[in-house]
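For reference, the structure discussed in these notes is given below.
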């Protein structure tokens, strides 16, 4: 691929959830989508949320992402 | 599923249309997506619109939704 | 299809890229989605961006679109 | 009217108020605008609000809408 | 109270949840806030969401609201 | 008019321009709309802008407003 | 008219539809509003949408605009 | 307090109403919240609205604010 | 608590500040609110900001959050 | 300069701070930018905030603005 | 430059004005910024507006853009 | 500097890119701007994006920031 060639991308909205932190939640969702959808080009964070445990600790991060991949002919 | 396990959700944007009212339009779209996509976890209303008949009555409600479901391994 | 019948649409987000201008970028993405997804009903422009070449000329337009099509039974 | 003919629509912002519920507030505003402005084609809900009575019951729904109609030659 | 007198209101964000529909979710939250916070003047709907049951039926509506009440001296 | 009666309002977007300040720009637009449209109920400020003179002084304030009035039968 | 004089503008929301492209849709709506409303000063594009034909070609562009004109005494 | 120390603030949404103008409406709400909530650090204007009297004069300004204060241990 | 029971949540806006990073700022605010308000269910990140020291290093992260908890009878 | 000639403007984001009120904060920032950047054409208010003193009085207004000026050849 | 290397970009907001159409307005602004600021990498359209002549024809397009370029060491 | 003195800040939009994570991307951009523009006071995160490598790993984080610094006389 090079700039200047006509082409099409698709964006899909996914939510990565991880108790291991923000970047882990993003990476887990990206890796999963990369494998099941198609080879991803980029991601965009839409929202950052999370669940709080009974002890007041962050039990998990939930990161809403858009991921994009090129649609091949 | 329980909070704290790493997991991934996907969100899809659909539009439910019904002449039977707002909730009917949401339910119809949710039921359809539940059957054809995957077992849904939740929905989010994005926009509420509708078509008006020649008699000035609301001919149908059009509700733009995002529906979310867990992507299983 | 006629107004008043209950039905469902799906919206998908795509990005059309073309060096031939804004409308060419939209048309290319619409035509591609029409063929690979389903017969489209309408599109909505979300964002207009582009890449600039080393000579300061617009090397390509990148138009982010939502395209919608009816989900048949 | 058929798709493909050049034409113009106008959108007007109105607020329907009714104690009989959300859909009643929308229908009342649509019917009124249909009669006094012009034959409406569609509506879009902008905001949903309401007044609360002294007894804690919803005294009325106030729905902000845009309604659209074709401008004839 | 009459228009023209200096006064202060406070807005609080609450979420009403009900399986009985949109208006029931709004009314339940308004009634609860009316009793525990203060006599409410109005509400504004911020977001409409919901949970989907295993059978594809809407298990509950979740309506995010802002409710407003006057702060008395 | 009292809360609880079904009724309809219309909102119109206007821009008040005045060199005498923000409030003067709002008041001038409100007074003008009140006279030419109908007896206004309320206004909402949408945007505040202005023109700068050659001397770096604010030459005029331009306030974009929505004004609302009840549509009588 | 010159900067610095108090004055009022009104903004109206219209939708221009044309199969001949984006600029044609804007120009058609502007020309029509210019004739039927009042001599326009400027326009602002709010949204760009369109209808897709059965052949996957853009059947028409629909451009949502705000147009503004000065209200004379 | 100094930058660099871990600490927590809370933001509360209030509406100041005054017939004496924009700044009076802000100041009244800030003073009231300062006394009844806690010693405020800053405010952010969210919306500016107002009521119009029968004579077309602005009867009162209504300014929606967020006010913030530090939560002490 | 289980899905399907009518219930009410409240959301409160807080700002967590920490020099130890983004997640520390979120966790500190969540822990504090959990203790002083009520047992939290979830949080939503609204804004990420920070203060820069004289040496160009990030002196502290300031994360604006909404935190939510169930209102018990 | 006259309408219809091709030309370029630049917008810069600045924050005017003044204890003397909203308009003073805007004017101070505009005058400063007019002198140090270039002869400004217009400004747009983005946000209005302020600092509150220990006595609950508004200690200063902080107005976030965009200012625009023509880039000459 | 290649993906994976730490680097910094700057975005600047400009407005391209041209009577020759949307793309001409974008291209003119991009070319100008490319020459006077730095070698641009990409642009993002923020707003499309325009001036209307006395004859109801679009006298010029005004396109608000953000342009981005890499800051070199 | 102390609160209450009239002063002016400027905000500039930059994008920090780093493969070492979110905070590294923010810190790199802040440090760079601090050196080349002026001594920064604060930053605001606008957007978080990133590039995905062929192996499905996040190849780099791209954080869009606004950074602010005081304009001295």
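We call the chains A, B, C, D, E, F, G, H, I, J, K and L, going by the order they appear; numbering starts again at 1 in every chain.
Keep in mind that, in the parts below, a residue touches a chain if its C-beta (ideal position, glycine included) is under 8 Å from a C-beta of that chain, and two chains touch if they have at least 3 such contacts.
Everything quoted here is computed from the prediction, not taken from an experiment.
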{"item": "Chain labels contacting chain H and also chain K", "value": "J"}
{"item": "Farthest-lying chain, centroid of Cα atoms versus that of chain G", "value": "I"}
{"item": "Chain whose Cα centroid lies at the greatest distance from that of chain H", "value": "C"}
{"item": "Chain pair equivalent in interface to A-I, over half of contacts matched, among E-I, E-H or B-E", "value": "B-E"}
{"item": "Rounded Å distance, chain K centre to chain L centre (Cα mean)", "value": "22"}
{"item": "Distance between chain centroids, defined by C-alpha means - chain D, chain H (Å)", "value": "33"}
{"item": "Inter-chain centre distance, chain F versus chain I - centres from mean C-alpha coordinates, in Å", "value": "38"}
{"item": "Sites on chain B at which at least two other chains make contact", "value": "12-13, 22, 51"}
{"item": "All pairs of touching chains, each written as two labels joined by a dash", "value": "A-B, A-C, A-I, A-L, B-C, B-D, B-E, C-G, C-K, D-E, D-F, D-G, E-H, E-I, F-G, F-H, F-J, G-K, H-I, H-J, I-L, J-K, J-L, K-L"}
{"item": "Partner chain H, residues of chain F touching it in the complex", "value": "22-23, 26-27, 30-31, 34-35, 39-45, 67"}
{"item": "Residues of chain J that touch chain H when the two form their complex", "value": "21-22, 47-52, 54, 56-58"}
{"item": "Chain B-facing residues of chain C, complex", "value": "3-13, 66, 68, 71"}
{"item": "Chain I to chain H touching residues, read off their complex", "value": "12-20, 24-25, 28-29, 32-33, 36, 51, 53, 59-60, 64"}
